[in-house]
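So that you can tell them apart, the chains are marked A, B, C and D in the order they are listed, and the count of residues begins at 1 in each.
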Amino acid sequence: MADLAHDLGHHDEHESLGVDNRKLAMWVFLASEFMFFGALISTYLLFKGKEGMAGPLPRELYDIPFTSVSSFVLLMSSLTMVLAHNALTRKDQPATRSWLLATALLGMVFIAGQFFEFATFIEEGMTMRTNAAASGFYLLTGFHGTHVLIGIIMLLSLFGISRRQGSLSGGQGLNLELVGLYWHFVDIIWIVIFTVVYLIP
Amino acid sequence: MSPAGPIAEKIDGLWWLVFWIAAVIFVLVQGAILIIAFVFRDKDGRKEPKQIHGNNKLEVLWTAIPALILAGIAVPTVQTLFELTNRPDSALTIEVIGHQWWFEYVYPDQGINTANTLVIPAGQPVELIMTSEDVLHNFWVPQLAGKRYLVTGQETYLNLEADEPGEYWGQCAEFCGLSHALMRARVVALDEAGFEQWVTDQQQPAVEPAAGSLADQGKEVYLNAGCTRCHVIEGVWEDVARQPPAPDLTHVASRSMFAGASFEFNEANLRTWLANPSSMKDGSLMPNLALNDEEITALIAYLETLK
Amino acid sequence: MSEPAQPEAHHHPSPRQYVQIALLLAVLTGIEVGLYYTEPTFGRLVTPALLILAAIKFGLVVGYYMHLKYEKRFLTGFFGAGFILAGLVYAVVLVSVLILPRFG
Amino acid sequence: MTTTASRSTIFRRPTATKGFWSWITTVDHKKIGVMYGYTAFAFLLIGGLEALLLRLQLAGPEGQFLSQAEYNAMFTMHGTTMVFLVIMPMSAAFMNYLLPLMIGARDVAFPRLNALSYWIFLFGGLFLYSTFIFGTTGAPAGGFLAEEVSRLGSAPNAGWFGYAPNTEPQFSVGTVLDYWAIGLQILGLASLLSSINLITTIFNLRAKGMRLLRMPVFVWMSLVVNFLLAFSLPIIAVALWMITFDRQFGSQFFQAANGGDPILWQHLFWLFGHPEVYILILPAMGIVSEVLPVFSRKPLFGYAAVVFAGAAIGFLGFGVWAHHMFSSGISTVAQAAFGLSTMTIAIPTGIKIFNWLGTMWMGRLRFTTPMLFSIGFVAMFTIGGLSGVTHSVVPADWQQTDTYYIVAHFHYVLFGGAIFGIFSGLYYWFPKLTGRMYSERLGKWHFWLMFLGFNLTFAPMHWLGLQGMVRRTWQYASDTNLGPWNMVVTIGAFIIAASILLFMWNWVVSKRRGAEAGIDPWDARTLEWTIPSPPPEYNFAEIPTVTALDDFWHKKYSEDEEERPVRRDTADLLVEELEHTGNNPGKPIHLPGPSYFPIAVGLSLPVVGYGIIYHGEVWGVALLAVGVLATITSFVGWAQEPAEEPGEEESPGEEH
């Protein structure tokens, strides 16, 4: 889709790859985030099967139905995100705002699900200190949750700007697309986590 | 480097092969730089240089030749590597346990537990099965073999062999805290008969000092000054509060070095050590038992009887 | 990958298509969870199947929602480079820590 | 101020363009580059001081100059400072200052993000060094100290690599290692942000006509470096989070007793560590590839080969990390595989060296100071490279690893390589930076003195290592005959220190009283020599159009039938005209306005760091809250502040 904001002024003087600076930066940032989450996931995989560790192991406590619901919630938030973006291309500001809010709310539901899951695990005696697998699990899902939280803050600030200024245009339009990219990225990381960490024995 | 065992010799042979190849390349490249600098320096009257952009034939050449040289090096590397790491079947196995700042050696088949000085039979392969109780250590005796880490919670293996009887020095090569520099290893290779004799001596319990002698008083000091919390002396005191225990003192005098094989086992060193251990090895886990001079003298007399 | 409808000229998937993709993703997740419960019966087959399903979902979201399918080639290049590099490097770490020690 | 932006100015947007305040709020890539340079040089002096203390301790056997705790702190801080606080920021100084000039841009893609990277780096470095004031350390749990650890000793003391489990709370008591872990975390973030910024700049802000294969080699090397940074820093970030959680929240990542795996730290650290050392060396290789052609008056030999060799080194850098771990007990198959992959990296390095020799071949060599340093780079880096190949041979590495042989290797590569390359660059671009010439006599003195000191210091370390001198050892026994050579090394170290003083004197004096340099003193080949020196704030009055590689050279010279360059008669006229138009542009040029937010975020991150370390105490938690709040509000404030690209419709009149 063409950039929402027209290419800003000084692009024609330069030999550029034809993609807006901020979008190019976001894609490079997301590529480097793969290394970040890759390290966390492989650390968990290393400790997942280790014998001789004290205390309950994460895979003994998983509540798959509950987690699959929160995965579904995150998937749907990707849908509402992309609908928000679609609404903006049609310059339908109220729809954009409502979809933005929907995405943020779904994100919060997901975070609530994570806290609830953490609470039940801690109750059942698995904390960060119990064993390496638990530490790996908490660090991975914790950092993923933090990224979702940052996404929610960005979504809400976009929502705020849009309500105050009545519309999202020019630079902010592109910002919505970037927040969308970030949000979808956090979603596909969860897709990998859900499969590799929760489902695979 | 002066290797003194078959394993160290193989490594040494490989090293000198690679060294001479590197030396030849070194001379060629540095020579080229000097010649270029001299021949093409900007003297007056020198014309502007031809604007050459590159030469594909040359590029291919100086990619292929280094590749060939490296392939040449790679073959013996992989051979020696697999040769030196396969675990010999008929070798004396010794367990090496790393502690903060001393090596503990356990001879499972002979039931001996000693520290700092590793005694091995000359001319026989020896396999060290190594682990660590606290941080990473790295057992290295340059003349006998390469170095291998002692990893907490894992076992690593190192093959060792000395051709001739003699004394070979080594050191912990992986930074392990405050007194890393004072964690040394002394390997003594004995001939067949010598080793047998050493094993039987080590298996005996501690020598009983003559009643009423200074050594006997030393034994009393050992029993009630708190040494028994950490140190075992076979036949005198075995079950120790601190796990893992400190060095076994049953035959401490036979080791001629103490405290991470960094200090001569003599009266002066022992006196400073017993007065304030951390003054010699900063951060040492041995507390200052605040012994007075008589107690230290008696203790030293007793320790010297523990051959 | 199933192509619900050929995207029109201005290469924007329409809202209807987005919803279709979302449903497809939901169905795939359902299958994954279902597979999880059949683990005792299928045994070894489950893991590869789960990985394939995850890859499809991954591709769907990246291709359509992140719009990578319609972007310039090198963007896929950067993003792919990060993904492949991470995959390769961490595969080597996992292999050298978990599998290779068995060979001594 | 127009309506849309009025709410954003909680306080008026800074407008200073001169004086102290302009430096604090600057977004101009040149000012940021200069600040990176001076900060990195200050840390170079501190790191050098630490090295001298180490050498005094090791001058003779059983030295008592430093206590064990102080020695461990000094060698750790020397390593950490030189890698993270000297060479990386110095490379960042060159990249920030020169990239826009070399590709014909007015500034980097995100000027305020660029300023943010600098401020995070500066305050991260100060946070790391605040350990000397606040840090506490001691004997491992259950151990006893000879005497209280001095202030000099209370700094991170587990090596610049910080191997677990020595960094676990029960072995590294006190807070010094938290300062190390969180300090590196902040520095890593600074480099990550600047790498994304520079990648976007290189791709999107090149001058018209400058296709990728027409970019100077330094720009190519910077591109590879920035991709290496972007892909390797997240790994060390994860490792540092793991050790911080182990120390602060009791997680079990490296606690062997409870499932943790100490070797995992080595894997993660060196997975970042090896791309890191290529991040340190590639910019210097880029500088040398710019300096050699200019002073040989010949184009770079095999431009494409040098560029692809650089990219190959960058990519292969991710496949060799376990050669740091040959003796750590990893499986034999892994050792063989990593040994071979390490050997393959020697091939592209060899290509680069031969291409540099090819550049000088048949050239007309002018031995100015930058040229001397570049030739020194080629010579010394060859030695470092060759000794590197000797320990890619795994069994040989079992004898060499963790000894002074390795210390010699990486100093030949890092000091002989990166530092020589950096000094070559500092002299080469000194006229562009200041508009004046440095003193050639002092420069040559500096080179030969450093060359002598360098070899006296690091050559003996090769055989010291082979004779069994172990790394990071507080002292060595007197019965080993290592004493004499160690004394030679110590003397060499002091000669290097003297040569650095010479450099500083040359820099300070010539900055004021050097001869006028004009815009193109070296008759060079790249775009930064087509603008006045020191360059005006907007760099190019008119964004140039480039038709070929080394476009400026082709504008000045045509080639006769023997391919020898003939200076066009219009060349001198062109240079004067460039200087004239450079200084007074026709139309007004919009420049991004200065901003408070980069320094605001930069200041709030260390507060978060202190908060994490002291989260045990109440005021620690308060600090943490304040820090996180400050970071978020600064970011939100930043988002409100329009980046003010020139094309902004509503506010053309905004001040700049």
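Side notes on the structure shown:
Basically, contacts are C-beta pairs under 8 Å (C-beta built on N, C-alpha and C of every residue); 3 or more make two chains touch, one makes a residue touch a chain.
Predicted model, so just to flag it, every value in this text is computed and none were measured.
Relative to the centroid of every protein C-alpha atom shown, the closest chain centre, again from C-alpha atoms, is found for D. The chain with its Cα centroid farthest from the Cα centroid of subunit C is B.
The geometric centre of subunit B is 51 Å away from that of subunit C, both derived from CA atoms. Note: centroid distance subunit A to subunit C, computed from Cα atoms, is 16 Å. Each chain gets a centre from the mean of its Cα atoms; for subunit A and subunit D, those two points are 32 Å apart.
Subunit C and subunit D have Cα centroids separated by 37 Å.
Looking at subunit B, one finds that residues 85 touch two or more other chains. Subunit A has residues 17, 19, 24, 28, 31-33, 35, 39, 46 in contact with two or more other chains.
Across the assembly, subunit D contributes residues 231, 260-261, 263-264, 332 that each touch 2 or more other chains.
Residues 1, 8, 10-12, 14-15, 18-19, 22, 25-26, 29-30, 32-33, 36-37, 40-42, 46-55, 58-59, 62-63, 66-67, 70, 73-74, 77-78, 80-82, 84-85, 100, 134-136, 138, 140, 142, 145-149, 151-154, 156-157, 169, 171-182, 184, 262, 276-279, 282-288 of subunit B touch subunit D in their complex. By the touch criterion stated above, subunit D contacts subunit A in their complex at residues 4, 7, 104-106, 109-110, 192, 196-197, 199-200, 203-211, 230-235, 237-239, 241-242, 245-246, 249-253, 255, 258-261, 264, 268, 543, 590, 632, 636, 639, 642-643, 645-649.
Put simply, subunit C touches subunit D in their complex at residues 81-82, 85, 88-89, 92-93, 96-97, 100-104. Subunit D meets subunit C in the complex at residues 227, 231, 261, 263-264, 267, 271, 318-319, 322, 330-334.
Within the complex, the subunit D residues that touch subunit B are 67-69, 72, 139-140, 142-146, 158-159, 163-166, 171, 256-257, 260-263, 296-299, 301-305, 327-329, 332, 335-336, 339-340, 343-344, 346-347, 350-351, 353-355, 357-358, 360-367, 375, 378-379, 382-383, 386-387, 389-390, 393-399, 401-403, 466-468, 470-477, 480, 559, 562-566.
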